[in-house]
Structure formats: C-alpha cells, structure tokens
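Quick notes on the structure that follows.
Letters A, B, C and D mark the chains as written, and numbering starts fresh at 1 in each.
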Amino acid sequence: MSEAILAPTIVSEGEFAGWKNWAHDAFETRAGPFFYRHDDAEGTVCAFRAEPRHMNGGGFMHGGCMMTFADFSLFSIAHREMDGHWGVTVNLSGDFLAAIRAGQLVEARGEVTRGGGKTIFVRGLVTADGTPALSFTGIIRKVSSR
Amino acid sequence: MSEAILAPTIVSEGEFAGWKNWAHDAFETRAGPFFYRHDDAEGTVCAFRAEPRHMNGGGFMHGGCMMTFADFSLFSIAHREMDGHWGVTVNLSGDFLAAIRAGQLVEARGEVTRGGGKTIFVRGLVTADGTPALSFTGIIRKVSSR
Amino acid sequence: MSEAILAPTIVSEGEFAGWKNWAHDAFETRAGPFFYRHDDAEGTVCAFRAEPRHMNGGGFMHGGCMMTFADFSLFSIAHREMDGHWGVTVNLSGDFLAAIRAGQLVEARGEVTRGGGKTIFVRGLVTADGTPALSFTGIIRKVSSR
Amino acid sequence: MSEAILAPTIVSEGEFAGWKNWAHDAFETRAGPFFYRHDDAEGTVCAFRAEPRHMNGGGFMHGGCMMTFADFSLFSIAHREMDGHWGVTVNLSGDFLAAIRAGQLVEARGEVTRGGGKTIFVRGLVTADGTPALSFTGIIRKVSSR
C-alpha cells in the first residue's frame, strides 16, 4: 500500500516554486522531494533535480529513488481521478531503461489508461534531461475517504 | 538501473549489529538503512525496523520505501550470483499486500529463480512482523566488473 | 479481464485422468488443454504435456502459451479463495526463465500471498521436467457471483 | 522465452489481406491468428478480429489470448530493432483494463522505450473497438542469429 491522497502543498521557493507536492509525507520529502503541476497542454508533469543524495554506490540514481518518484508520479497523474478519496498502490512495476546522473532534470509524464471506477490504472515514463530512464505502470485502489 | 555491487560493510551497533549493508550508498542509507545477513538455514535475510521517517502522509509505510527495500533485497538475495560483478536492475515489480506501520520488524526473504548467466531472476516476499506485505520480482543484468 | 470461475470438469481419460479443468473455456481448451488437482501435501498442482502445437516458430514453447497456462494456474491456485464468485485478472506478470520443449511435463505450483478480501494476490512458478521456466505473479478481483 | 524472429508471411486473403504475421508459428496461428503492418504515420499496428474461439467460459476474451496477442505485438513493435536476430521474451506484464467481446476489432500499438542494444524495452496498449483493454510492457533479449 502506498501514499494516501491529502491536500497538496504549493512550493514557495527554489527551482520548483509554484509546483505542488505532499510536504507532510515524511518518506517522500526525505527521498525527494518531488514536485508536480497540472499543465493544460501537457497534462500532469512531475519533476525533481537529481542530486548526489539520490545516487547509489555506483554513482547513478538508486532504483528505489526512481521507483519512489514513480509512485509519487502515479498518484499525481491519477490525482483528478481520486476526487478526494484515499488510495493505495496495488501494483507498481518498472522497466529500467537508462542510468540517471546527479544534476539531471528528472521528469515524469503519463496517463490514466483506465479510470472511472475504484481501480485506477496508470502508465508513465520517467526521463532524465529528456532521455527515457524508467517505464512504469501502476494500479491504485481507491479506499474510503473517511 | 540500480545499485552497483561493491564490498558490503558490517554493521557495528544497534538492533542489526553484525548484519551487512552498503553504507556507501547515499540513497539507501537515507531511505533505510536496510540490513542483510546470510543464514545457512534460511538463506539471505534482509531486515530493518519501520520508523516514522519511513511512513507516508497516511501513517503507513511509503510504497517507495517498500520498493527501495525490495531493490536492496534483490541484490542481497542475488549477491552470491554476482561474484564481484556490478549489476543493474532491469525490471522490478511489486504487489502491495498489506500496510506496514511504524515499529514493525520488516524482513525480506527470497530466491534466485534463474541464475548462472548474466541475467539473474529473483522473487521475494517482504513481511511486517511476519505478515506478508509486498510480493516482488526483479531482474538483474550483470555488467563488467571494471 | 480473464476467465470466470465456474464449476470445473473432471477429466475422464488420458495422462491427466482424474484431474480437473474448465472444459467450457473455448480458448483454454484450444490453447492447452491444461489441468489441475488439489493435493493435501502439495496444494494445487497444475500441469499439461508440452506438444508441438504449443511451440513457436523457434521450436520452443510460445510465451503466450506459458502466460495462458499461468493465467489458468492463477485461478486454480486461487480457486478456494473465490468461493463461488466470478473473478477477473487485474494484472499478470511473467519472468521467462528457460525454454520449454515439446515432450516436457509442464507444471505450475504457487501460493495465495494475500487473500481474504475481494482482491486476491498469487505468485507461482512454472517448471518443465522440474526446471523453473516461468516465474509469475497475478492479481484477481472478485466480482459479483450473480 | 518466446517466439523467435523469422521472415514474416504476407497474408493473402480475408479482413487482414496484405498484413503480415508468422504463419509458421504453430501456437500463434492457433491462438490467433494475429496480424501486423507498418504504417508510416502510425508506426506498427497489430490487429485481429475477436471470435468465439478466443473467449473464456465467461463469454469474454481469455486473458491468455490477450497476453499472447501482446507477446506477438511486442515482437512486431520491436521487429525493426531486431535486425535479423532471434529474440526471447525476458518479461511480459499486463494490466487488464476492460473485457473484450466476440466481434470486436482488437488492435495493439506501442513503442520501443529503449532499443539500440541487446535488450529491447517495449510498452503498448491493446484496444477493442478503440477502447483500452490491456496495457502491457515487455522486455526482449536479442540472441545470436545463428
């Protein structure tokens, strides 16, 4: 199970000023932080700047950091489908396409492949400076908003 | 791509004194830290203690934390198969079975379903106080040890 | 979505006499047929004999045949959890470990990693003459029995 | 492991006259048959007409039929990347979005998310009369062409 959907925070400063995230999320804040915004032309865009703290012992981004960003992106892409409900991740799967280095701009874009019910299906692509780095799919199950 | 295989560190203190991990791994250390040991009876056992910093906004463990632990476990379970090579994660997939709360003992056990070549297949199960919480599969590709 | 759960048929002849399957399933019968039995010691065992008609152009078993057997096995392993409900596959994922040749005995064994609710999680392993050939995970969602 | 890449056959008659497939593939021919064509505007398009023989006991398309078509589509989408090599499926994963009924036109479109090496990553979407029915990802490993 994964993060619950609460009201997002608007970021006030830095490279991603004006973007949103869930600042109350202890793990996400320390693992990232990650950011998202809704763009009328592009839809939901998620992003963060790769820093040394996101790297593994080999000097490229840890797979767990990429999957954490994918999980964040999963809920950001599905945010409008959730309409106030909490949600839990049922499945998250990732194909690792390329390494990500410190300093690169990491972005995620995706789409809801099936919504409208209690089970929401998403697929997305994480890029680093525009190069595909992680292809992911995820399934969210809505749970009671209480 | 995911963590590279380097020499592990032996933990000197705390609940997991005597266990091993990759202390040079910046993301893993901050996301966890996580620990593993090889047990002749049980094989590889990976573990950490769930703390508030691993939780999401809903008060249970973040899916990204669980997947980061799964990625750590993937390499720990495959460690003997790697025989000094670096490895990258090709695919990591997780089914989320149950929520994990702060204070629980989180463990992972698994098996190499196919080894012997450059592509290593692993499956594992993460438990919280013994209850299954994440079923995962992963594929590692060995890369040059240089 | 995948097969619905109906009353199974008991096979009357051949290598798998006494085993069960869903003979009313048009695709499964033509793709397989596949068979299962419940064994008190082993739990659910699924099996079929690899024949030339299951092979691809390269002379080994088609990945789609292996995934169809995995989907059959998914529902066989979960059969007792379904207690009369219909079910649909939500996700099916497979890691291909080894080739299967005509003449080999193909078996699948697995476990329900999370049951008790409307979403059932399963993992399993397909073997050919005892050698692991496909590691799979699947998620079933129960639907109304009406 | 999955189908090997050989020279495709051009279909001479029926709804898909002029399309291609691998007619020497025993399982694929019986499970489908399935068809593909390369379109300069759309890229690779795969298709078949859902018939009663593709259905399960519940009266909708068997998940194994959908995964077999996904495996076929995986290789069709990657066909140009294979440049004469044989390939094996390493992983195939599917999210089941909607049921497919007899009579519907089933199509698959997708993209190579990472190519250029020996490991080829693909993602695709299967639709039925234009409605998303299966979201899939697959990984192919090239093997020696001799």
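Things worth noting here:
Methods note: a residue touches a chain if its C-beta (ideal position, glycine included) is under 8 Å from a C-beta of that chain, and two chains touch if they have at least 3 such contacts.
For clarity, every value in this text was computed on a predicted model and none was experimentally measured.
If you compare B-D with A-D, the chain pair joined by more contacting C-beta pairs is A-D.
Separating the CA-averaged centres of subunit B and subunit D is a span of 34 Å. Inter-chain centre distance (subunit A to subunit B, centres taken as mean C-alpha positions): 21 Å.
Averaged C-alpha coordinates give centres for subunit A and subunit D that are 29 Å from one another. Counting partner chains per residue, subunit A shows two or more touched chains at residues 90-91, 93, 95, 98, 139. Shown here, the protein chains touch in all possible pairs. Residues of subunit D touching subunit C in their complex: 1-4, 6, 22, 24-28, 30-31, 52-72, 86, 88-96, 98-99. On subunit D, the positions that touch subunit B within their shared complex are 90-91, 93, 119, 139, 141. Only residues 91, 93, 95, 97-98, 113-114, 121, 123, 125, 132, 135, 137, 139 of subunit B touch subunit C when the two sit together in their complex.
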